[in-house]
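What follows is a group of structures, each given as structure tokens.
Next come two complexes built around chain A: one with chain B, the other with chain C.
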Partner chain A sequence: MITNAKEDITDGEEYLLLIEFVHRHLGFHDAELESILEMSGIKLGVDCHYKALPNTDTDSNKFSIYTDAEGKLGTKKIDLVTSLARCTLIRSVIEIWGLGSTIEDCVKVTKDENFQKRHQRGKHLGDAATKYEDRTFKVTIHTLGSTYTREEQNDMRSQFSFLDFPGAVQMKNPDDEYLFIREVELDDKGGAIYPRHSGENREIIPENDARPPLGCYFGRVLGVGRNWRGSGRLEQYSLKKRAYLGPTSMDSELSLIMTNLAQVKKGSFAFDPFVGTGSILLTTALRGAYAFGTDIDLRVLRGRSQTENIVSNFSQYGLPPPELVRSDNAIYHRHFRQHLPLFDAIVTDPPYGIRAGARKSGSRKDEVRPVLDEHRHDHIAQTRPYVVSDVMSDLLNVAAMTLRMGGRLCYVIPSMQDFNESEDLPRHDCLRLVSVCYQPLQTELGRRTVTMEKVREYEEDKRDEYVKNTWANGPESADKVANIREKLIEAAKKKPDYEEKAAIRKQKRKATKLAKQKAKREAREAK
Partner chain B sequence: MRLLTHNVLRNNTKAANGSNTPLRITATEVRVDEPTSNNDPDAERREVEFAKNMLPALNWDTLIEGAKSMGLDSLPPSVTPELANDEGFLRALYHVLMDVHLVNGMLTCTETGREFAVTNGIANFMLEEDECEVPK
Partner chain C sequence: MRLLTHNFLQSNVRGTEKGYPLNIEVTTIKYEESPVDKEFLLNLLPKVNYNALVAAVKQMSPHCEQPLPELPETMDVSNAEQNQNLDDATISNLHKVLFDVYLVEGWLICPDTGRKFPVKECIPNMILHEDEI
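Here is the complex of A and B:
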């Protein structure tokens, strides 16, 4: 990766970078990128700009070009590429040498523009870099959404053979990597809209094969995000590799995106008031934050055993142990003294009662029976259901109270289709909405990752007012995030064949149960 | 449980009546971790930064009491402006705040005598139902 690159482009000259995104979490691309740029002190629209690609509409976020038309980026250019490496959703960043609607056009531009000359001079690489004559290289091909055989890829490669690099080809860690991208129209899931091969017998569909690509791009790779030279940076954090998990553990990719949205960096103090199995807290620690988590459920905090708990997950990655406290976020003010803002970031996945129901302290009954002194020792404190609208208003209020000025709150909120982003999102007088990223889950259900920033000092005596203002449309908005589990079941019942499928599921459950009982019995008898 | 957490935790139930007195630590097991900075100047700088950021939020007397009951009595009685900018002091403060863990023990509210157990480093601050406000 080029971290010490010195670009010898003069002021005012355009410097084009192509950012290739991973075709996942489409709604998150811009928000993550912009958050990272802001964190690195690079102002979009001042230091660098978006530039639409010639043959795609401007809204397409599959690829974007950054330009330095104003020539103000200067030394920040180096930071730009380095900081982009943190983006979970960026596949690669290249310095554009050529682009066009077909590979022939792309080759022609590459020939005419002659960025190679600049690279040949090598000033931007610094004095210590290997000389151009000796630089090893490789040419990588990305054909998104379609498969090409090795021979076909070699044909594409040979189109660029006029570049005639003097160094040797080296597949592993070459000095220079060149990338050719052939883009076709993709659907939401990353499959081609006009696939090159048929689904069944993998035969080429001639009319789709003949379709021109959306665009072709060629350039020198500056840095790569998640799969930097295939080292599998992301895979090592996969939930599958962790000893301790729960049913609602957040997947590592979205957690990492959330830490970017919340701008968690080395030395940040990060807080998760609904820590659960600590999956989000762990990723904040991976970013170098000091991790603090609370939960009302003591069982998830303790874990299953000495080797399967939150702390063991942390030590698996060589991270210092997180701070865990069992407390109830609904009554934060009852557990903690009034203190100055502590946290730089709050990253959390609050309980919405879809899989894990939310509880808070207190008795279900109106009449609370006092706990007798002789029972205190082993009494289990009662909890009662915690309504989602209160979960949210408490979360926002605790965030407003405990975040430092400029600190960020990033949380996930699920919703059905009737949810109106501009009206129904919870708000707080001290927090500014930064970004909302939508992720569809099912036809009716989706979830949003919301990022907010503290912009105003919290005033203790305004607490009631803050909480009251959480829902712009009052109960109507609050109702839209509540009872999602019930709504999902309702929606499922309306589908055709619901009854038959439910019967099949019931039978399967029964069979599994019987099998388990049988296995247990046999194990007992074997003893 | 770290001393930083002890510093901000309070028993704020109705019974305590807003007395806001710190919790008394009865330690049965204390673990002191080795500093993790490993002479890395960057990590050391971050520790200093962190301690400096925490300093205004800390209740110093509570910290002294807490550290004492965990077997540490090296903290100065008060923080002078010179100390607040002294790197050596700030790094030592970071060590006290973050690397000293109460593994097992008890936290006692001096006002009401209410006890909160700490087991395996996790403080259990759950309130009994009769300590919470009656639901509206």
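Here is the complex of A and C:
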């Protein structure tokens, strides 16, 4: 593989990058990257393509080659880095100088002329940049999945000392940063499969230590000073920092990924028909979108108080207030003027009844009693349960109707193990499936983030047909996403010790209740 | 509620022939200036119903401390290419009325049936009563 790579590189034609991902949301790496590349006008397979790593059975890092036919490497390269900076799951991007199964191989390749001359010519230096002789630098070591002491890391560093950088070493804000990555096999929780240290005494396990790494890579970091993930870039948006939250608020990392999947950018018109506490809508606004949200529940839209509501969460980040309307997505077409495709992106987490049940307008009873005129002004409109299959068919239909051509719908759908991705996902004649990212939550339960793109004009008179075709297998598919809460309880009941654990929980609840009552009584007596 | 949203909202209680545009009854109003995003505005403009916007501005303007900018009585905004020729003053005026003025408290009234939809804390409540669906 390495020799192949070497042969491929004829100078000035190809440019090799290694994209280092964080070991989180494994199912989302490719989809997010591809969405961002497409959004930036970079065509995967034309402008750039993937190249397998020396050991290909890993998904954690991507080896990518950038082809440049017109020799415009300089400018296009910068474009790539700037756009990749949006990817939530990228840890760093390096220009590959060397790679191999072991550090020795990696050093060998780095010494190779083809890789080295790129550096010697100072290709990455613009005219205005500091002279190569004066550039400060540092060499960073990432040992993914194992820990090495400072001395051991220094040993690794010294292997590359033949590069003999003329500038001074500077740890803070150097002109150039070089990165050595040593990667071992990780399990899906991010721990090493063969850990270098034992869990208890932190002693080195010799046979694991002797195992060859998955791969070693060395290169120059692109976008020095662009802290890809650290220093609170994500932390500042953490849900914990928000004044107003609900039980179904979407975590900020996934929301940000969703805005990337939906290609939300500055000047986009973004819509969330199940806005809730506005957690997803907020991230679309962070991307510079004009944010519009509706919900049937007026209480979540208003929030708890003047300082704890959706608008206050927006102003916390200096964002302009979103537009909020209480309306019912089941009858979107009756609340809003029949008009042209309006939105660039719809990003939403529909109600599936796991934590919050869905409601739609309508009488609770079959027979509708008219509202008396004298009661009309303060009448509270009745709502009734909204079954998940309808929630989804309405959502897809509203998306098909209101998205501009090429606009994207990104939504979350939970399901149990029996869910078959190719058959059971809801579909619509006007929408093309772009990507599905799976995220396991529990042994039985997982959720998928689905991205669709509008590819065909919506025709109003086909509405019934569209809605009817949502579920390929009819009620059977629809049933798989419905009643998840009940299914979870069913599954829990089958586990051993369920009865005992349930009894313990019951006791705990009772104790808490009594304690509360007691506290209340004491407070009253104290008065 | 900004006037942009008003431009898209309609009343559709049972028996309504044409619940658009909604009349505005103002209780409180808010004006908050925001930076003009010309590209976004031009993108959106062909989708705006201009007559409804002019009518809404007329209903809002008397309640504003400073009167809202006057818009030409008629204008064809449906052609995106033609809109590129709009001068900066017109763009700025359109931005002001579409994005910077908010109906905080008040009512939206269906022109056909007279059904009143309340607006509270900037949030219009468009939910239909169970016998109106």
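Methods note: the second predicted complex is superposed on the first by the 467 of 527 C-alpha atoms of A that agree within 3 Å, B and C clash if a C-alpha of one lies under 4 Å from a C-alpha of the other, contacts with A are read in each partner's own complex, and residues count from 1 in each chain.
Criterion: a residue touches a chain if its C-beta (ideal position, glycine included) is under 8 Å from a C-beta of that chain, and two chains touch if they have at least 3 such contacts.
Given the structure is predicted, the values throughout are model-derived calculations rather than measurements.
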Which superposed partner A:Ser40 touches (first chain B, second chain C, both, neither): neither
Touching partner for A:Leu301 - first (chain B), second (chain C), both, neither: both
First (chain B), second (chain C), both or neither touched by A:Ala381: both
First (chain B), second (chain C), both or neither touched by A:Tyr290: both
Touching partner for A:Asp366 - first (chain B), second (chain C), both, neither: first
Contact residues common to both interfaces of chain A (with chain B and with chain C): 267, 269, 290, 292, 296, 298, 301-302, 311, 320-321, 323-328, 331, 334-337, 339-340, 342, 361-363, 368-371, 376, 379, 381-382
Residue ranges of chain C in contact with chain A within the complex: 1-2, 4-5, 7-10, 12, 20, 34, 37, 39-40, 43-44, 46-47, 49, 116, 120-131, 133
Touch list for chain A against partner chain B, complex: 266-267, 269, 290, 292, 296, 298, 301-302, 311, 320-321, 323-328, 331, 333-337, 339-342, 361-363, 366, 368-371, 376, 379, 381-382, 384
Of all residues in chain A, those that touch chain C in their complex: 267, 269, 290, 292, 296, 298, 301-302, 311, 320-321, 323-328, 331, 334-337, 339-340, 342, 361-364, 368-371, 376-377, 379, 381-382
Complex contact set, residues of chain B against chain A: 1-2, 4-5, 8-10, 12-13, 20, 33, 36, 42, 46, 49-50, 53-54, 56-57, 59, 98, 101, 119-130, 132-135
